[in-house]
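Consider the two complexes below, in which chain A is the common component and chain B and chain C are the respective partners.
After this line comes the complex of A and B, so read on.
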């Protein structure tokens, strides 16, 4: 394993003032454990301060640095140079913004727009079940939590939505659908009907074709397709004629 | 961790054979083999819809035994037979992969590695068996017996899926797509198999007319026409719903799909009931 790599990043640029889109090539000598966000920062410091990109936590917890590298949506803060070279078998990378929302500038997309779908899925308990008698908290058994614990690790990076075969034109998206499904599985949620209406609507699970690209690209390794398939199977209260 | 393990095992078993196809393996590395198979399912679906329409149009133009015999003379030329054999690849792939998706979505089967492997193995076995039968050209089987067995099997598959999805909250259209899918999973590969058991089964107009005048065969043909045209129409509708943003455009496209499907259904019923 080399200590240093000569990396070429072909980054898709977009200037909102002129509405022009182009690819710009940047060459860097990079250490093997540098992450792609580090490469972007180095480009800003050493070559081109005008390159716009987004990040926040840079620890794989906020999802704001999601980009496409050689076509694959992933978190730039989790992608090490040595892993990128190994996985893609090249030192030349095409970096593009993810396609789930309009591009604001270069690699930055309008996350507010992307989040509109997640907000529609109401990723919170709409109507809480009453607390058990003489108790000030809910108690969930490990068995209950185990069913949907994986799905709660979703950070809404939209990598799954970017990879989805059904495009993002009419589908609410794998992450938003899963956000609703998690609450359907949560025994503390009483408002099942509203959630089922969304899932069984035109923009719901009918747009999912089980291509499982969502599960494959998920940086948190959540089997997103499994949760959507549960909804198709009718695994929740009220969606199987009960 | 489990998801990663399954992913690696799946890649190990399938990539070894298919990774040599550069375009396909690139997509597989980026989005996974399920994604590649889903695109193949979609593409083969569109090919089969076009083929179905072409098939019905061609049959409808065969007005007299003379025209039929002349046309079949062309259809059974070795080059055309070779292409007919090749056309079985999209048919059996679409059928078996559809079965895999039904198992995944409605029966909770999550063993992707095994299901994808079996889909590909069974495709290969079917194509080889069909090739051998085409090459032999000498199998004789009663049409009523063959279709009795196949229709019972097809209906059993359709009833199994119907029992599973009928009470769910899905729309009736989605349910019918799965039910017709299960029916066609057996019926269409059987239709292809029957056509190639012996050239005389399909080649001689008199034999074909005698077979199609049988009431049971008429029921089989009507079931095939109804289920293929519905399945094709909903498949196209589903693709249109994915990619067309404007609601009015989606409504117009859906209307066109319904009209075209009804026209071809009328054509099919005319063929069945005028013989």
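After this line comes the complex of A and C, so read on.
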């Protein structure tokens, strides 16, 4: 393993003032454990302060930094230079915004628009199941939770939606669908009909072609396709439910 | 171009919540529960409230479970008081602790996910400083959701806000507060996507913008934690309380500063310097790696200062090692799976085989906008600003005094969020909207046009990095009078340098350089008051450690109020520490006097 790499980033840029799109090439010498967000910051500090890119936590926990690197959607805060070189077998990278919403500038996309789908899926408890008598909260066994726990780890980075071959048409998208599926699996949710109506609607899960691209790219290693498959079967509550 | 800046839209609402993290949105939810149909706008700097930094909290949230026979609210109050190094306000401590469990249930009932025990009850953990019986044994007081408690809480908060009908204003920042006859009547926002300034008239305004860790080079805080609301408050002529009360965590992963839990040390991880010497023996011969956070942090920094650190060339940060190679596979693969995973993900290191680089990292700001126990913002120690509230890490009520216990922050968010929401509902009952003052936006436009008109050399990011390095070196874990005096001079110079920098582009639309230019001014403001507060506090207390005054001193038994209307000219005032539990003279009150913080 080298200590340093000569990296070229071909970054797709967009200027909303002129509506122009172009690729701009930046060359950097980068240490092995710098992450792509660190490279973007260095471009700002050393070469071009006008490049806009998104990030917040830089801990892989907020999903603000998803970009496409050589065609693959991933979190820029988790991509180390040395892993990128190894995984893609090159030191030249094409970096583009994810395609799930209009671009605001350069790598920044309008996540507000993308989230409309997640809101439409009503990620909250629509109608709480009544509390058992004399308890202040719901008792849920780890076994019950285990069935859907993985899906609760979704950070809405929209990488899956970017990779999904169906989500650009009318599909609500893998992560939004999963947000509703989680609540169908959560014993604390009483409202099922409304959820099923959405999931089986025109924009619902039958738009999914089961390509499993979502599971393949998810940085949280959530098997998104598995949850969508459960929904297609209507297997929300396992053996103790319906 | 600069002189063309103007307010392009006028909005109005019942309540303007600035900052949509755990605290802001819990408050918004309360307002809508108590007053359904109220119009609530929640502004966030990030792309969506879910991206707020509360989502990064890992370990847990504490509250005293009434069904736990070993635990009592009075123990939790004591731990918080002692942990704060006797500078938390006891009225606030009592209020938060007593409602903790009910409010946790509020979250659970609304769908927050938790790690559970076999029977279905909430699982619990111990955390440093949390005890039963006034320090006699560790208590299991923290509930959690694996290593993502903050995310689960954040999710419930934004989901409830969506459900309740809060309107979000994402990717926008508050740049100015509006006042009429001493009352806060709204704010000016900069909507970055559109590059537009909007005015918002509100019956009540709540500040909930979170921490300001970006003041330091090495921090666990997110890129957006630049202390904006604190700077906005200063510019309006109001104070920030205890800016010098900053907490550092011993083990941040180099270089992203990701928090690696204390569990690493309790499971047997050993800290080593560049010669691989296990140095904790020198600093805490008995407790070694298990000594409290601040002692471990200081030991690590001492090693680095005396040339025993190791330089990471990629991030250009000096660090020490934590050696996890001797831990059993079970600990790596099961017990500490997530943390081991962090080293793999962020520094490509296999902790089973290699040494892991760690450095003490800035972690939390105990200080903030001074408020009453209802979140009303104060302009002096006994006067409030009607219509203006603050909650969460940007506020200081003060629940944490000079040192926060792990898991107490998340607790504060949703308890104070509720209290502030209640107070706001009460306040807006007979409130009405006023007209937009003529001068609305002047502060903002004079600031932003200067940024856009500057035509000199320099780079905003570089100045930001220099400032952060300066603060980590001179106002960090060790503080010394002469070094802080130097730091204040350097800050003045950095600010002058920043003033002339020509931006790469003069557009206002999603102009990251412009955004960072404004943030830099905020950071420089916070850096200055932090340094001045620390300089004048000639004692050591909680997270504030002075090399030249190593003990706590009675003389400083108060909160600092720092005002700054002209850069570098900081006026300091005082607010007394509330000791109402002690003064009430009830059972156990003797534990609430000024006691030593010894563990």
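Keep in mind that, in the parts below, the second predicted complex is superposed on the first by the 234 of 242 C-alpha atoms of A that agree within 3 Å, B and C clash if a C-alpha of one lies under 4 Å from a C-alpha of the other, contacts with A are read in each partner's own complex, and residues count from 1 in each chain.
FYI, a residue touches a chain if its C-beta (ideal position, glycine included) is under 8 Å from a C-beta of that chain, and two chains touch if they have at least 3 such contacts.
It should be emphasised that the depicted structure is a prediction, and the values quoted were computed from it without experimental measurement.
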Room on chain A for both chain B and chain C (clash or fit): fit
Which of chain B and chain C A:213 touches, first, second, both or neither: first
Contacts of A:5 with chain B and chain C, given as first, second, both or neither: neither
Touching partner for A:31 - first (chain B), second (chain C), both, neither: second
Chain B versus chain C as contact partner of A:142, first or second or both or neither: second
Which of chain B and chain C A:227 touches, first, second, both or neither: neither
Chain B versus chain C as contact partner of A:111, first or second or both or neither: second
Touched partner set for A:72, first chain B, second chain C, both or neither: first
Superposed arrangement, angle subtended at the Cα centre of chain A by chain B and chain C, nearest 10 degrees: 170
Between chain B and chain C, more extensive residue contact with chain A: C
Minimum C-alpha separation between chain B and chain C after superposing on chain A, in Å: 11
Shared chain A contacts, counted only where both chain B and chain C touch the same residue: none
Of chain A, residues touching chain C in the complex: 3, 16-17, 30-35, 38, 41, 44-46, 48-64, 77-78, 80, 82-83, 104-105, 108, 110-112, 115, 119, 122-126, 128, 131, 136-142, 145, 149, 152-153, 155-156, 183, 186, 188-189
Chain B residues touching chain A - in the complex, by the definition given at the top: 1, 3-4, 7, 26, 29-32, 34-35, 37-39, 41-42, 101, 104-108, 110, 112, 165, 167-171, 174, 238, 241-245
Partner chain B, residues of chain A touching it in the complex: 70-72, 87-88, 163, 165-167, 169-171, 196, 200, 202, 206-207, 209-213, 215-217, 221-223, 225-226, 229, 232-235, 238-241
Of chain C, residues touching chain A in the complex: 46-48, 50-53, 55-56, 101-102, 105, 108-111, 113, 115-122, 145, 148, 151-152, 155-156, 159-160, 162-163, 168, 170-171, 193, 222-224, 255-256, 258, 312-315, 345-348, 459-462, 465, 503-505, 507, 509-513, 516
